[in-house]
Amino acid sequence: EKSFFLIAGPCVVESEELVMEVADKVSGICKNLGIPYVFKASYRKANRTSASSFTGLGDETGLALVKKVGETYKLPTTSDIHAHEEAAEAAKYVDILQIPAFLCRQTDLLVAAAETGKIVNVKKGQFLSGPSMKFAVEKIKNAGNNKIILTERGTTFGYQDLVVDYRNIPWMQAHQTPVVMDVTHSLQQPNQTSGVTGGNPQLISTIAKAAIATGADGLFIETHPNPAVALSDGANMLKLDLLGGLLEQLVKLRAAIV
Amino acid sequence: EKSFFLIAGPCVVESEELVMEVADKVSGICKNLGIPYVFKASYRKANRTSASSFTGLGDETGLALVKKVGETYKLPTTSDIHAHEEAAEAAKYVDILQIPAFLCRQTDLLVAAAETGKIVNVKKGQFLSGPSMKFAVEKIKNAGNNKIILTERGTTFGYQDLVVDYRNIPWMQAHQTPVVMDVTHSLQQPNQTSGVTGGNPQLISTIAKAAIATGADGLFIETHPNPAVALSDGANMLKLDLLGGLLEQLVKLRAAIV
Amino acid sequence: EKSFFLIAGPCVVESEELVMEVADKVSGICKNLGIPYVFKASYRKANRTSASSFTGLGDETGLALVKKVGETYKLPTTSDIHAHEEAAEAAKYVDILQIPAFLCRQTDLLVAAAETGKIVNVKKGQFLSGPSMKFAVEKIKNAGNNKIILTERGTTFGYQDLVVDYRNIPWMQAHQTPVVMDVTHSLQQPNQTSGVTGGNPQLISTIAKAAIATGADGLFIETHPNPAVALSDGANMLKLDLLGGLLEQLVKLRAAIV
Amino acid sequence: EKSFFLIAGPCVVESEELVMEVADKVSGICKNLGIPYVFKASYRKANRTSASSFTGLGDETGLALVKKVGETYKLPTTSDIHAHEEAAEAAKYVDILQIPAFLCRQTDLLVAAAETGKIVNVKKGQFLSGPSMKFAVEKIKNAGNNKIILTERGTTFGYQDLVVDYRNIPWMQAHQTPVVMDVTHSLQQPNQTSGVTGGNPQLISTIAKAAIATGADGLFIETHPNPAVALSDGANMLKLDLLGGLLEQLVKLRAAIV
């Protein structure tokens, strides 16, 4: 496989209409460009900064909509889980279980995800180095599952900023797993006084290009037809209209390094 | 109350003998010095770096021993929980439920802890600022519980070090909660290649003195009769023999600032 | 000597009136409290963020006024130098030559300061650890001067913040030098878009108390009768009226640790 | 001009033989690949961690050898200056005056460099953000010189590591200057207990590829026929034999983004 793969979708399942629209457009773009595409949407947001933020439509509704997207567009799908008891249930609906960065050290959660037999995509904690993700890999392998993806999403850099350290791409690939760059969350600006995590969407192409150039196997990009009205992470999502142009550039860049 | 309080004990419940020995010695020291004492030991370690590290004697055994310590020595007790379904069970045994730093953004866990009616002690994530802990406080208050403690335990500072930012003490006290300095974990050195988090135990008194001087309401110190053979966090725990001398100095320091 | 010493004054020599007023008030306070006092004011600001900021009255005028303060109030004095050729000239006027943090690795500057025979006070670079200040100490000792002070002034913590790591106090004292906490500059918030470095003056007592509690030998505090109209660093300077109350608390704290 | 340019050479002028060998090989490679080449070597190392490290052959000897390289191979040249009084002298020998990162806030130095009329290449301090380099740019422009280059060389990330933040490339290009990635020094690991700054030479291609992908106008790479015996920065320099292969990849990458 010469192309990178793409994990993309809206941050959270807001409605059937939204997930279908995004999947339709992104799958069309990816088919044209030869990019393997995995549909992503969260069915629940469990660690919003503020308790008053939107957290989803209900777990079963959210998961069922993700599954419906996968069946309708013949796409593999992924969503994130937050507690070990969610693993088996979510595994009925999606192909890849994503472990949130804050939870990447929780052994019970990693083991429960591993035991579903699904692919497990672990996001590197903002407090962890790429080399130390080997312990997450080992926890999953020891539970009998070798299908592992690791995702870079930025590292704590003072209180109100994250920095992407591209050394983590080769460092995590040394664990013999594909490595994904989560472009969207790498641009978060945490600890804002408003309780709404800010961002820098104009830097999306900078983060993505550096990832492809340094050999990332996949990209994770949250996208929305209208980020300004999104119910979560609107500050960082890429406007859906801009995704095609960005991916075209990245496909050219990828061709230059393989 | 003019003294600071002390949360102390061995990192994990290794055996009945160990927890009784520690509680006996520490409660004696604190009685002499007029320091309110809360016995602490984890009944399970859920996020060890490496899956092969010791994780406990079994939840019920561990919790029951913590409770027995409390009854034997007439002490309030605390232990940490790692998933929302543990809250109600742990609340049968301990007086303060501690939320680990990595999990301080997990709304379900905070709410479940709050709903037990016990005191909830939330450790500040290594990736969070003191001011942004207000959202954890609000999640607990919104669940109907106003008995909240916040704990500083260091902030990510490059991959292999933590730094204690003492501005967080007044910043977190501004949330109208007591603030504890976790001296032990502030000295961790994460992301070591061995998978065993290192530390700097000789700096324990530096961290503790600065905390008392800047107005911390409590201290959290893990202590063990022989840290070199401890089953968890031995690199950071204070040798039990040294605790009395340190606390004497801190009591003098406290008297100078109130 | 049981007390800590104080290095204090306005950031820059703005006028004779100002330096005399500050020296008069601060020397009175320190005499009352038994604190050895060193008068400080910069005769030139060589590394202002922005070229349009005030840089001084002229070197000779500035230095002569510092010397006059020393003679008038029988105080040792200090000022900072920025290039090796300034060392010999400044040494005619002041007792302690201060090396700015950005310049603490410049061998020529350290050697020139050392060769004056004056006390050399080197500020730890925002990019350096306390242990690595041993190389600055060695450069000065190799030039034949053993009269060295090291000063902590915060470490880079993301782009727009500094953090004070109190481990640096014992770590730098291990180089067998007195260690000073620069309270004022530790509170800078660099890289502000305005080109004027911001600050948090309300945290001055937090920074100072933690320093005394952890054994700092001296404090550095810039003070001004009216920081709001100061020509440099107004955002961080302590209002002169508040200095006496702060020092009283610190003297009590010091007494509790020696 | 479609290619990026290359600033390369040995860290310091060790001998005529060395500088000629490096210039000969690198200029041959660059001619083949269509890369504009600027020869770089320091004539003096002014801020070595340790006073016992090698600092050069003497200023005039070093500068004269740099100039001889330029004349022999018809190359523009560059070297770094460390004090304002060096600017005019160095300008007689080289085409680009480089300002070290630690000194990027020293107004006198920037102004003296600007006044030579030469191109001034300012390295971003490890403690500065890309946006705040606008003040360095303004200081040079105000001195009447618009020929400015800015160089990224990593940012303080804990004590013993640097991280390259690729957002700084577009952020510094917003100052209307070409931006260079200093691959070599971005890989330094400062504050090592040995007093010799360590490094990660195997990551050179990661740092360089990400820079080209994100639009860097130039690269700075120190190279040596045998880094293991180099008199400065051997831990980070690229072995000369490996330079051609790396540049070939980078030329392909560059073609994919323009």
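The chains carry the letters A, B, C and D, assigned in the order they are written, with residues numbered from 1 in each.
Keep this in mind: a contact is a pair of C-beta atoms (placed from the backbone, for glycine too) under 8 Å apart; a residue touches a chain by one contact, two chains touch by 3 or more.
The structure displayed is predicted, hence computed values, not measured ones.
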{"item": "Greatest separation from chain B - chain, by CA centre", "value": "D"}
{"item": "B-C compared against C-D, more contacting pairs", "value": "C-D"}
{"item": "Inter-chain centre distance, chain A versus chain C - centres from mean C-alpha coordinates, in Å", "value": "48"}
{"item": "Between chain C and chain D, centroid-to-centroid distance (C-alpha), Å", "value": "33"}
{"item": "Whole-Å separation of chain centres (CA-atom averages), chain B against chain C", "value": "37"}
{"item": "Chain D: positions in contact with at least two other chains", "value": "155, 157, 159-160"}
{"item": "Parts of chain A lying in touch with chain C, wherever the complex brings them together", "value": "157-161"}
{"item": "Chain B-touching residues of chain C, taken from the complex the two chains share", "value": "155, 157, 163-167, 169-170, 200, 203, 206-207, 209-210, 212-215, 249, 252-253, 255-257"}
{"item": "Touch list for chain D against partner chain C, complex", "value": "46-51, 55, 82-85, 102-103, 105-108, 125-129, 131-132, 135, 138-139, 142, 155-156, 159-160, 190-193, 195"}
